[in-house]
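You will see chain A twice below: alongside chain B first, and alongside chain C after that.
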Partner chain A sequence: MKQRKLFWTAAFLVGAHLMAGLAGFFAPYHYAAQDRLHPYASPSLPHLMDCSGKIHLRPFVYGIRNKQGSFTDYQPDCSAQMPVHFLVTGEEYSLFGLIPSSLHLFGVSGPGEINLLGTDAFGRDQFSRVVYGAQVSLLAGGLAGVLAVFAGVIVGTISGFYGGVVDEAAMRVAEIAIAVPSLYLLLAARSFLPLEISPLMAFLLVISVIGLLSWARPARLVRGLVMSARERNFVLAAQGFGASKSYVMRRHLVPMTFSVALTQLAILIPQFILAEVVLSFLGLGIGEPFPSWGNMLAEAQQYHVLASCWWMLLPGLAPVPFFVAYHALADALQKKTKVNL
Partner chain B sequence: MRSIRPITPSFLLACLLLPASLARPEGRQQDLLKVSVPVGHPGGVLVVSQSSEPKTLNPVVAVDQPSRDVIRRMTADLVHINRATQKTEPALARSWKSNREGSQFTVELRRGLRFSDGAPFTADDVVFSFQVYLDEKVHSPQRDLLLAGGKPMRVEKLGPYTVKFSFVAPYAPAERVFDSLAILPRHLLEQGYKAGKINQVWNLTTSAEKIAGLGPFRLKQVLPGEKLVLERNPYYWKTDSQGQILPYLNELIFLTVPSRDAQVVRFRAGETQIITQVSAENYSALLADQQTGRYKLYDAGPGLEYNFLVFNLNDDVKGRLPAIAQKQTWFRDQRFREAVSLAIDRAAIVRMVYQGRGVALATPVSPGDKLWFDSDIPIPEYSPEKARKLLQAAGFSWNSSGALTDSSGQPVDFSILVNSGNVQRSQMATLIQEDLKKIGINVHVAGLEFRSATDRVLNSHDYEVALMGLGRGDADPTPDMSVLSSDGDIHLWNMGEKTPATPWEAEIDRLMRKQQVTPNYAERKKLFDRVQAILAEQQPMIFLASPNILTAARDGLENVRPAIMDNYILWNADELFWHTPAGKH
Partner chain C sequence: MIRYLSRRLAHGVLLLAGVSMLLFVFQKAAPGDFFLGMRLNPELSGQTLQGLRAEYGLDQPLPQRYARWLGSALRGDLGPSFAYNLPVTTLLWPRIKNTLLLSVPALLISWLIAIPLGLLAAWRRTGWIDRIFSGSTSTLLALPDVLLALLAVLLALRTHIFPVGGMTAGTDAGESTAGLLQHMVLPVFVLVVGSVGPLLRQVRASAIEVMDSSYFRAAQGNGLGRTTLLFRHALPAAANPLISLFGLSAGFLLSASILVEVIMSWPGMGPLMLEAIFGRDLFVVIGAVMISTLLLVLGNLLADVLLYFCDPRIRVQS
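The block that comes next holds the complex of A and B.
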């Protein structure tokens, strides 16, 4: 039962990450492609029945046209039926930034577009942006998570193994790191960054700051674990046989912390995904035109969006399945670790 | 919500009679100003939201908009600019005469007027007020406008109700600079001024009886962080055509509601009754429920705000910021600037950012400025093809991946600095980014919060191109000198320039100086038209668009006549009244 839960959550996460990695294929359009005639278009859902009541076997979407005197109110245009096709050629993109391709999972033939989640203020396809945005948000979570846990394991192991002054010093620094209000630090850091660095670089830098500021909690956990482990017989025996300190740490202590580190990672990643969403929401994350779930959601702060464009809130739901999956994974890993111990 | 007592007829009668009887002490002749507006009835409360709490109630030092909005309801000026006609009209000055050159003005004041605390108003108050504004030690933001040819004006009292203002040189906009210069009560402020503490008086903790002005309202109460209550000034000096003393409203309440979106929500919930400025998107959202929501939306047309891209042409970045200095070789080429301008789709900006409620610009002057707009200057067309040709002629070329490169083969890219808190400007930057990609220029949009962004533009000059907006203070060219003249305080593209860097900047300087001393409007207009033509040709700033002034007011509020000069809707607060019986609101 537990094994199956672990398997399914892991399978979901691998699949979802793969989808984000292959965003170019799953997204029908490029994330920055603007359709200046159709800002704030509502989601166009595929139909099987047309305006005259006729059933079609191939799903289709209707084109839209502006309502009289409005730039953002549309009505479906029954005369413009656009059938949905699968595996179509469209805009060029590169898979993982390496392999050029123009194959998309789906698309429509005709002059209009299929916007499963509507369009934003620039007429950009929200669905494509959510898929591409996953790259940024998930990468942010993963990267910051690995950084934090990596730093945490190193500091925790050294601190727990040596004890005494080293331990005292490391743990006080850890307390300071926990107490620093990271949001203010980021606000300050962002305004000092030079403007000419690309938004991607600025973003990675911000993420590194979050990751490096969050090493303290995993470090404290690892320290406790190492402290108890260094008294165990096989560690003492290794030292008795003349093993060096670094050998003992590398060979015996660090491997023991792996399961805890992995669990910590599964807990921290969703936190950092959320941190990225928050930062981008506040305009500190990745810049236009790159999408992330946070900067897409930032648009929904505006009254008119809240009042009349509900689909602009959908990016807020995107992280939910990931949170559930990561927490389930952390849960399963924790239970598994307990059994093994 | 506070409940409001229904007003009894006797109270109503008192409201009508009390001020009139109080304002006519000892049977002295009073010079009241009769205004011809639809006659209303007195009473009622008007609640309006403000983006932040006023920082001060002191007219001498106030610079922020919320403070000015409140102060201007509590004070009056000698000569006032009618927001609807954009022309000057008499206010506390009953009449004025100028000499032929336009350097001296003799002002006849209204007689028998009283401050809101009952103290009489005389020429001494006027002389005192200008003494304070002109005092260098006070650092009043109004002082600059009172200088002509670099020298302050002289103010002399000729009689109890006559004052003479003399400038060292003819000063064309002289009448207009009196607008919004609040006349201060000497009896309340002279002591503080003499003690050198004029900057500290009249803050939010000052008690209401120590503050008095000649405006339609006076201070009643301040609840810090929450609201500021003004009440009707019973000594006000304007009447309607039936002789009723204005203002009609009993109270004017300013609520602090920080975000524009929250202001809309509060308005929809009925907690406020007007919105001073609605964004175009919110306007569209509100438009749908206009009937059921029982409010009216007003579009006053293009305002005096102009949004633009400014290239960093500051000389002081040489050596200090080599990366920017290198890019300046492109920015200094007029053809490069013009190509960027041609590649920007201004119509798309108006349509997508302002939902069609705005206008594209060729110069800083929008068609909303009735007196100074030059319709002969065409809006730059949107033509990436022409932009490419121009770039080619200027020695630029495109590499195999389509990116624009300069003559030394370096790819052309730059960052656009924008205040990330301003949604409209951020949207413009994203549109421009996409537009410039079409001519092979790679643009980074760098959003920073307001303070960091303005600090880079005004002080450190550490930016490449910035997208900003400025509001023209008045429908007159003289305040524009701070931006356009090479020695101006906010001469954005090259701050702190000692001598004009180019012949065309020298010509702008000359024309702007000349218009300032030319009394004849038609001649001044010709001079300023030429300035606009130079700006449109040289494009040190690429003028983009100007939003319409959009406002909203609840049904039943009458005499609402939104204008494009500040305060868009409260400028005639003394004339506003509730159509429904008083007290309902």
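The block that comes next holds the complex of A and C.
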């Protein structure tokens, strides 16, 4: 039962990351493709029954047209049925920036577009942007997590192995990093870095800021482990045979911290995904035209948009399944490592 | 008691000193400063700008600047704000009060919810109560605060039950407590919902540990009532890790309230800090971080005092 749950969690995470990686295939449109005639269009759901009550076997969506005398209110256009097709050729994109392709999972034939999650102010398809945004948000969270745990393992191992002044210094700095409320620390670090930069630079910057500020917690855990592992007989024996310090750390101590490092990774990644969302939401992270769940949500900050277009909130729901899965994974890993200790 | 407390206090002061030092070292990396944007103004000569920089001490080397700032900070002056031309403390003081107005009630309410509910969930460890409990806590943990705050705003916009944005209704109702309370409901609610999930889990986990111990079984075997068992026997023994969590939850609430304040236009530290970041208003950023750290250090100090009274082992140690 427990094993099965873990399996499904891992399967979901792998599948969802794959979907983000293959965003070009799963998204019907490019993230920057605009449809200026239809800003803030509401989500178009696939129908099986048309206006006259006839049932169709192939799902279809209706085109939209402006309501009389309004530019932003739409109504379904019963005369424009657009059947949904799977595996259609559409806009060109390249998978992982390498393989050019124009195959999309689904699309509609007809003059209009299918907007499963509606469109934003520029008429860009929100569903496509959420799928592309997953690339940015998940990659940022994952890389920052790897960075933080990597730094934490290095600092923790060195500090636990050498002890003394090195340990003292490292742990005092770690305490300082933990003493500041996390978002204040993040914002302060961000404020000391350039504000007007290219999206790619911003992406790298956000990753390094989030990752390098959060090494303290994993470092403290790893240090505790290493301090007790240092006294184990096989480590003492290796040293007795004349193994160098770096060899002992590399070969014997670091591998012992793997399970804790992995658990920390599962705990930290959702926090970092959230941190990226928050930074981009506040306008300090990844900027237009690249979508991230955070900067998409930023548009909903304006009250008039929020009041009339509820679907602008949907990008905020995108991280929820990931958080649930990562939390379940972290719980399972935590239980496993406890048993093994 | 006094020795223990003074040691914790000294620790807090050293932490603050360390944080301020790190902030100054890192701000050295910041490209440009507040006055860089004025360079394009034809009415200001380069000399004037240099004069302004000199006036605020921005042309001096880092150690001197830090010493100057530290000297004035010890006298309760956190430097000037370039944008407002006011002392940072004057600017921050009302903002701190507003932030605390949100985070302190949120802290109290979420603990008041978490303790009884967590104990109950530990008591009924199996069955539907527990299933509902674990389902709802993992949902709470997974919902981003940003989304919660926006949803609350949406709710307010649609139903008109609660006012949206700001702290007061206007100049007339400005000072009325009822108006303030009405404006507080939504932000405090969002903060509570955002912070109560991990607390509930922690309370349940530490209560379960106690309930497995033999003394608790004995008390149960003696036929004590549920309320006595839970609050008189389980809670004090489970309190230790919870008190340590108290400081952590205070830090979380301070962070979360930045977001909630920005989204709900609550005039707290969050909007001010964001504005200062975009305007490169150096001392405001440093001041806000220092104050938030001070609040967190105070929260941890409070937790230490509580721990001193709850845990006899610490009393013996010191």
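We adopt the following convention: the second predicted complex is superposed on the first by the 322 of 341 C-alpha atoms of A that agree within 3 Å, B and C clash if a C-alpha of one lies under 4 Å from a C-alpha of the other, contacts with A are read in each partner's own complex, and residues count from 1 in each chain.
We take it that a residue touches a chain if its C-beta (ideal position, glycine included) is under 8 Å from a C-beta of that chain, and two chains touch if they have at least 3 such contacts.
Everything numeric in this text was worked out from a predicted model, so none of it was measured.
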Could you tell me if A:Val324 is touching chain B, chain C, both of them or neither one (first, second, both, neither)? second
So, does A:Tyr184 touch the first partner chain B, the second partner chain C, both, or neither? second
Tell me the contact category for A:Ile176 with respect to chain B and chain C: first, second, both or neither. second
Applying the document's definition of touching, compare chain B and chain C: which contacts more of chain A? C
With both complexes superposed on chain A, which partner does A:Tyr303 reach: first (chain B), second (chain C), both or neither? both
Please work out whether A:Phe281 is in contact with chain B alone, chain C alone, both, or neither, and reply first, second, both or neither. second
Which of the two partners, first being chain B and second being chain C, lies in contact with A:Ala121: first, second, both, or neither? first
If you stack the two complexes on chain A, which partner ends up touching A:Ser198: first (chain B), second (chain C), both, or neither? first
Residues of chain A that sit at the chain B interface in one complex and at the chain C interface in the other, please. 187, 190-191, 194-195, 283, 301, 303, 306-307
Chain B contact footprint on chain A (complex, rising order): 32, 34, 36, 39, 70-72, 121-123, 187, 190-191, 194-196, 198-199, 283, 287-289, 301-308
Contact footprint of chain A on chain C as seen in their complex: 15, 18-19, 22-23, 26-27, 29-31, 138-139, 141-144, 146-147, 150-151, 153-154, 157-158, 164-165, 251-252, 254-256, 258-259, 262-263, 273-274, 276-278, 280, 285-286, 288-289, 292-293, 295-297
Give every residue of chain A touching chain C within the complex, in rising order. 172-173, 175-176, 179-185, 187-195, 274, 277-278, 281-284, 294, 297, 300-301, 303, 306-307, 310, 313, 316-317, 319-321, 323-324, 327-328
In the complex, go through chain B and note every residue touching chain A. 260-262, 264-265, 279, 281-282, 284-285, 288, 323, 345, 348, 351-352, 355-356, 414-415, 417, 420-421, 423, 426-427, 429-431, 433-434, 444-449, 452, 456, 462-464
